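My questions all concern the structure below.
Chain IDs A, B, C, D, E and F follow the sequence of writing; residue 1 opens each chain.
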Amino acid sequence: MTAAFIHPNALCESRRIGDGTRVWAFAHVLPGAVIGADNNICDGVFIENDVITGDRVTVKCGVQLWDGVRLDDDVFIGPNATFTNDAFPRSRVPRAPLPPTVICRGASIGANATVLPGVTVGPWAMVGAGSVITADVPANAVVAGNPSRIIGYADAELLADPAELPAGAPFGTVRAEVHRDARGRLSHWPLERAVPFVPRRLYVVDGAPDGWARGGGAYRRSHQLLIATQGALTVALDDGQVRLAVRLSAPEIGLHVPPGIWTLQYGHTPDASLLVLASEPFDPAERAADYEAFRRGE
Amino acid sequence: MTAAFIHPNALCESRRIGDGTRVWAFAHVLPGAVIGADNNICDGVFIENDVITGDRVTVKCGVQLWDGVRLDDDVFIGPNATFTNDAFPRSRVPRAPLPPTVICRGASIGANATVLPGVTVGPWAMVGAGSVITADVPANAVVAGNPSRIIGYADAELLADPAELPAGAPFGTVRAEVHRDARGRLSHWPLERAVPFVPRRLYVVDGAPDGWARGGGAYRRSHQLLIATQGALTVALDDGQVRLAVRLSAPEIGLHVPPGIWTLQYGHTPDASLLVLASEPFDPAERAADYEAFRRGE
Amino acid sequence: MTAAFIHPNALCESRRIGDGTRVWAFAHVLPGAVIGADNNICDGVFIENDVITGDRVTVKCGVQLWDGVRLDDDVFIGPNATFTNDAFPRSRVPRAPLPPTVICRGASIGANATVLPGVTVGPWAMVGAGSVITADVPANAVVAGNPSRIIGYADAELLADPAELPAGAPFGTVRAEVHRDARGRLSHWPLERAVPFVPRRLYVVDGAPDGWARGGGAYRRSHQLLIATQGALTVALDDGQVRLAVRLSAPEIGLHVPPGIWTLQYGHTPDASLLVLASEPFDPAERAADYEAFRRGE
Amino acid sequence: MTAAFIHPNALCESRRIGDGTRVWAFAHVLPGAVIGADNNICDGVFIENDVITGDRVTVKCGVQLWDGVRLDDDVFIGPNATFTNDAFPRSRVPRAPLPPTVICRGASIGANATVLPGVTVGPWAMVGAGSVITADVPANAVVAGNPSRIIGYADAELLADPAELPAGAPFGTVRAEVHRDARGRLSHWPLERAVPFVPRRLYVVDGAPDGWARGGGAYRRSHQLLIATQGALTVALDDGQVRLAVRLSAPEIGLHVPPGIWTLQYGHTPDASLLVLASEPFDPAERAADYEAFRRGE
Amino acid sequence: MTAAFIHPNALCESRRIGDGTRVWAFAHVLPGAVIGADNNICDGVFIENDVITGDRVTVKCGVQLWDGVRLDDDVFIGPNATFTNDAFPRSRVPRAPLPPTVICRGASIGANATVLPGVTVGPWAMVGAGSVITADVPANAVVAGNPSRIIGYADAELLADPAELPAGAPFGTVRAEVHRDARGRLSHWPLERAVPFVPRRLYVVDGAPDGWARGGGAYRRSHQLLIATQGALTVALDDGQVRLAVRLSAPEIGLHVPPGIWTLQYGHTPDASLLVLASEPFDPAERAADYEAFRRGE
Amino acid sequence: MTAAFIHPNALCESRRIGDGTRVWAFAHVLPGAVIGADNNICDGVFIENDVITGDRVTVKCGVQLWDGVRLDDDVFIGPNATFTNDAFPRSRVPRAPLPPTVICRGASIGANATVLPGVTVGPWAMVGAGSVITADVPANAVVAGNPSRIIGYADAELLADPAELPAGAPFGTVRAEVHRDARGRLSHWPLERAVPFVPRRLYVVDGAPDGWARGGGAYRRSHQLLIATQGALTVALDDGQVRLAVRLSAPEIGLHVPPGIWTLQYGHTPDASLLVLASEPFDPAERAADYEAFRRGE
């Protein structure tokens, strides 16, 4: 284990700097900061007192970490990315107390992005360069823009057609019987024959803004069938190993999600309406919302 | 019972004119026509040979009944309403054989309406003045326009808000639990608690043109729950005695229709998507599609 | 003065047929009908008992005048035009009492048009061939379509640009001072300098369906300034002699209408919003709504 | 050859009735009318003086032929179809002189249709029941609605995809080389290689209302290449024997039309833009606009 | 009063640093800069020569103040916020002379915001993190986005319904008499009865881009009545003590603004049209456009 | 020639610093960097090893140049502008190899802009302050926004009407003969008479996203005629001396571009369709795509 390296042109006033961490020129770390092991604190970074970073964190040049910023293990902060800790700053007016800004394990904040105070960026999320983060970012979400919106799920290939889902996957599609005539389209689901579980709960989601997410979790016992009865949306599927994103855009396609699959829904068209059938009554206890715990199989 | 009355200026070549029927001036009935009892055949009406009318039929001035027209009991044909029996007429080209044009019991064809060949106008339908009928008209439907579209259900009050449904009615509404936040609206239906039957079938109807109907029948055993998950549409409800029409326009409102209720759906907005849950697997045998038989309780 | 002429093949059972009137072959007039002078009742016309026509009326072939139809002087009814007198006809069900259908002085009903029961067609209106009239038609309006809508004002030239208004006309335009910049357009009306009266009333009209009319009358004392603050609409102007129609489509153009000018507004775009300033408080007594009286200077 | 048959209840005042023609009950033909051979003039038809009909014409019940109506050979007029001869009728006001209303050879006017004055309905056109004809109808066009619009080409199958064009047809498609990338689609036509003639003329048609036609003719020498650069439209193709209609909707598909092919374009979407390359400079003399002459090979 | 504090790792070449001001590590102040009292110049800030700051100014890390930047008293500049002083910069091309960039008293520039050259940010304005400021920002405006647009008025609650305006406020609503029927909505303002002043000026504002402001000032003598005749917009109201923002969206609601109330209008829908009646002829002299002077009662 | 100036508070580890170059306080240049002559490396700039800059380059405060960044002569990098060199950064995960990020001669990167990895910014392009550059930027393009889009062509006046093109310019407009009637607009180009070359190639461009460019080059032999057959777009014209931008929005206007004119197309409306006729078959060899070579007349 190597001791921390402090560049002679750095100002490092904290003594809690983890082993293997490097602090480069013109960086300035205030006495209260707690810096983990194997961090890379680049030129010109400024770190206030009430800051904690995990291990293997990279903070590129031109970044400031203000009081209340928490960086978990393996976080990457791009150059000139900018944190805040006051929602309505006025000169010499003490800021209102806010929950900490938390960047969860493995997440990356792109270059020159701006992070509004009090948000949580979920594990392994990828914040695009130049983004402005105004709300929490789900685990693994890829976001971009000002204000940022979700444009993908990290490391997941996007299948435009659900028929491309791989054969042996735990999730798969179920097709309705479709009848079309001059009166429109009727997509018929004989439940006993077509749906691989007995639905005990049904919900409909609409009015979702483009680029916002729903889902962001996994059920331990519930099977689900997702049907885009109107418009289109993307569903990311993640069993902890394999990740895929599927575009749903037809009422005749049902996406069967068995228990233990983490899902995230995003990319809703303005008219998107999602119908979900689930095999269990609603029970918050069966819902896993912590991605890292999910990945560990807890 | 009175014998038929034939105006001296009429030409009545048929001998099968029912009792009590009146044939007025300048009307002309060809020898093969079969006219029921208590008809009123007004001035200038022309009736070909292969025509059969029921009892208590009114045919106002300026109407022609061509070969292949069938008018059931109690039908009203407004003045200058025009029938056809050739879909693509050319002079001196024999017409292709077509099914008869049938105006079912009690239906009314408005003044100056045009009826294309081979259509069936259902019992007690009301065709508005000046309409052009290009397709079958369901029982009790009120239609208007060129081409005609359904604008109402005869004798049924339209309730803009399902909450106005009368308390003791056999049908009624079920409300979802609604959760709204920045991510949109979630309408939750805990099936066991909120839906008064076990769904064994689900279908989604979309792409319905405005003014066309779906439904138009009754189930003998199935309960249904109808939810407009997107857009809006009107559902007419008819238990043979009471008639109502209800506008559905929110995914949080379910309309429960027990067995033995005749329904008709129309007035779909372009984005309308209707979700139907039903208590039985699909069985054409349990479906009543003949309104008159339904009304008689068969 | 010539006596009425009755074609030998006509059936004229009424004795109240005005001088100079001609009743042609296969026409049938029931005993109670009252027919004015110099009418032309063409082949195959059928006239019931409770019908009154004025003088110089033309009724072309294939028309029926049912109980409750009133035709004022100088009315023209085109061939196969069809009247009705029951809003919801059923065979052998007595019709509900309705106000008479009135075709006012000088109006024309185009060939094969359909007139729903109880409507009033205003003086000198022009109903286009094939139209279906479902609502009252204002004086001088030109209507067409199924259902019909207003497409013009009889004998009035349409000026697309209010700047084309003739110089010596009693009505004219007033222009606002316009300021445009990146913040939009500001149309400024210094009232004392720009508006030729003191406004004591202001109203805003919006939500007008295309093809429906507003106005349709004249004020005896009120000056008005009409401004299309959004969208566009047409204003017909009629001083009893000269008629013009002007398209308003800019908030910087005010149309000054002095007292004694009959106006009609129609042709609203879906977003049309009309601002009206008037010189007098609202007083129904100063409003002339009877065009014929207006034209006579009453 | 049989002499004309006049029903005893008809009034036939003309002596120029062609052999084999039948005039049925309650019909009324004024003295000046000229009726061709083998006509069928049905019950209640009224024919004024300045009317000429060709041979083999059918006029169904309830129709009037006014002064100025011309029906060519083989015309069919459906029941209650209504002609007019005054664009702005007022009672007892002489009508302004108008060109005749001409129904060309073989055309059919559907039941209860309305024909405005002065229009020409082209040969073999098919006017749908209940239509209101406000403008000339091209040869072979199928029209419907109020006001009517073109919905097809008589006896021509509609190919939704130009790739379905039969192999041996004189016309055919030419495909551009297409390059798609993030900057859009580029459809490239190397003229010498891809276009089977040297273009000497180019024109662009846009702003065509849906249901109106362009084309309606044939070139004697010009080759044409038609490309829907935006939106979609239908092109009917007719070599006098075979008829087809093709939907064009992509800038990468060119429809090659050699000389001697009659075309009609209709069904334009609001944004349709049609690019035409032609092999000859514009010369009205090479254009055949008379379908009957074209069919005879003149 | 404390003397200025200069961190040993700072380079402070100016001698005009106000009392109590702190200049932190790696900051660099050029000799010509004039820094007020009680400033907080954080790590890494760079200040050119032609720069003047007021008292109690905060400049967070990573900010540069270029020649021509002026910061008034109590200004807050967030971390990495970036100023510019050349509208079209080229390397080694002298910049064109521009007016100074002025941040007025009490305004805040959010983290990582970008300020284009020559703009003025009004007093107490709040520029959101990550915004790009391309135009002047009115007093108290809250702006966000790239390019930035106005999303609120600092410290003002937004009332979605004008009926929520507090009872005793100097401003309030006046309701029109509304008449609705099939012809649309008529909102009637009898001026003498409904409007608490005699209007001597009227103006209409339309075409305002969303997020741009109008108003931004107060009248000393004029009463105003504001009516959103079409679309919707927000009006901020500020008497120097109390601030509110009201959403106007109906032609039947008038917002009465007495003299001495500062207003700002923003949040226009694309179709918004605002009608304003005012009690005085236009007089620039009665208009207060300097918020700080207004607040002091000048 | 002056030697380089290194501020005493700078850390300059490279020995390859060009004459006349200045490196200011708190800047840090790693040993491998190659810096040209007459650069201005401002306070706090950080430069990695694999970086090369040309002569006369300005790098303002707060900028980092990462491995793989190349700045040609005369480039300007505004303050806090941020480069990147990893498309999907994760802490301590080596970045995937990417092509260098190249800022071509004379280009300017505005303040606080963000440049994604691997892009090329063309010569003399102007990247607006706060932009996020996600794709290559053509020569001379002016871009802005997040993500950035093209809003202009540097130093080119925008002519909204092609008729404003100066008389003696090498490029100019050709007008079609236009025929308008109820069937739409026909814009006719008799090629021999109206087009100053024989077209041997034709292409159609549609589906171009707003703010993306096409063209971006010059032909050595081809004449072109550009026609916006639908929608609108802007064409920049540059003969190396004079620059203009012209808005095309009508199918009747053709823009003739002779050989040797550099063009760029941008600002497409969503429905824009551009028709191009060219005088030569496609030959990549005749296309100049390097603006600097073009300007030198190569």
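Quick notes on this one:
Everything below uses one rule, namely that a residue touches a chain if its C-beta (ideal position, glycine included) is under 8 Å from a C-beta of that chain, and two chains touch if they have at least 3 such contacts.
As the structure is a computational prediction, the values presented were derived from the model and not from experiment.
With steps allowed only between chains in touch, the distance from subunit A over to subunit C comes to 2. The chains that touch both subunit D and subunit F are none; no such chain exists.
Judged by shared residue numbers over all numbers used at their interface, subunit A and subunit E contact each other through mostly different positions, with under half in common.
Across the two interfaces under comparison, A-B and E-F, the one joined by more C-beta contacts turns out to be A-B. Rounded to whole angstrom units, the spacing between the C-alpha centres of subunit D and subunit E is 65.
Chain centres here are Cα averages; for subunit A and subunit D they lie 62 Å apart. Distance from the subunit B centre to the subunit C centre is 35 Å, each centre being the mean of its Cα atoms.
One inter-chain figure worth recording: subunit C and subunit E are separated by 53 Å, centre to centre, where each centre is the mean of the chain's CA atoms. Contacts with at least two other chains are made by residues 26, 44, 62, 80, 112, 146 of subunit F. Across the assembly, chains come into contact as A-B, A-E, A-F, B-C, B-D, C-D, C-E, D-F, E-F.
Considering their complex, residues 9, 25-26, 38, 40, 42-44, 56-58, 60-62, 74-76, 78-80, 106, 108, 110-112, 126, 129-130, 144-146 of subunit A touch subunit F. Contacts from subunit D toward subunit F in the complex involve residues 135, 176, 180, 182-193, 199-209, 212-214, 227, 229-231, 251, 268, 271, 273, 275, 277, 281-282. Taken together, the subunit C residues at the contact with subunit B in this complex read 11, 26, 28, 44, 46, 62, 64, 66, 80, 82-84, 88-92, 112, 114, 116, 132, 146-147.
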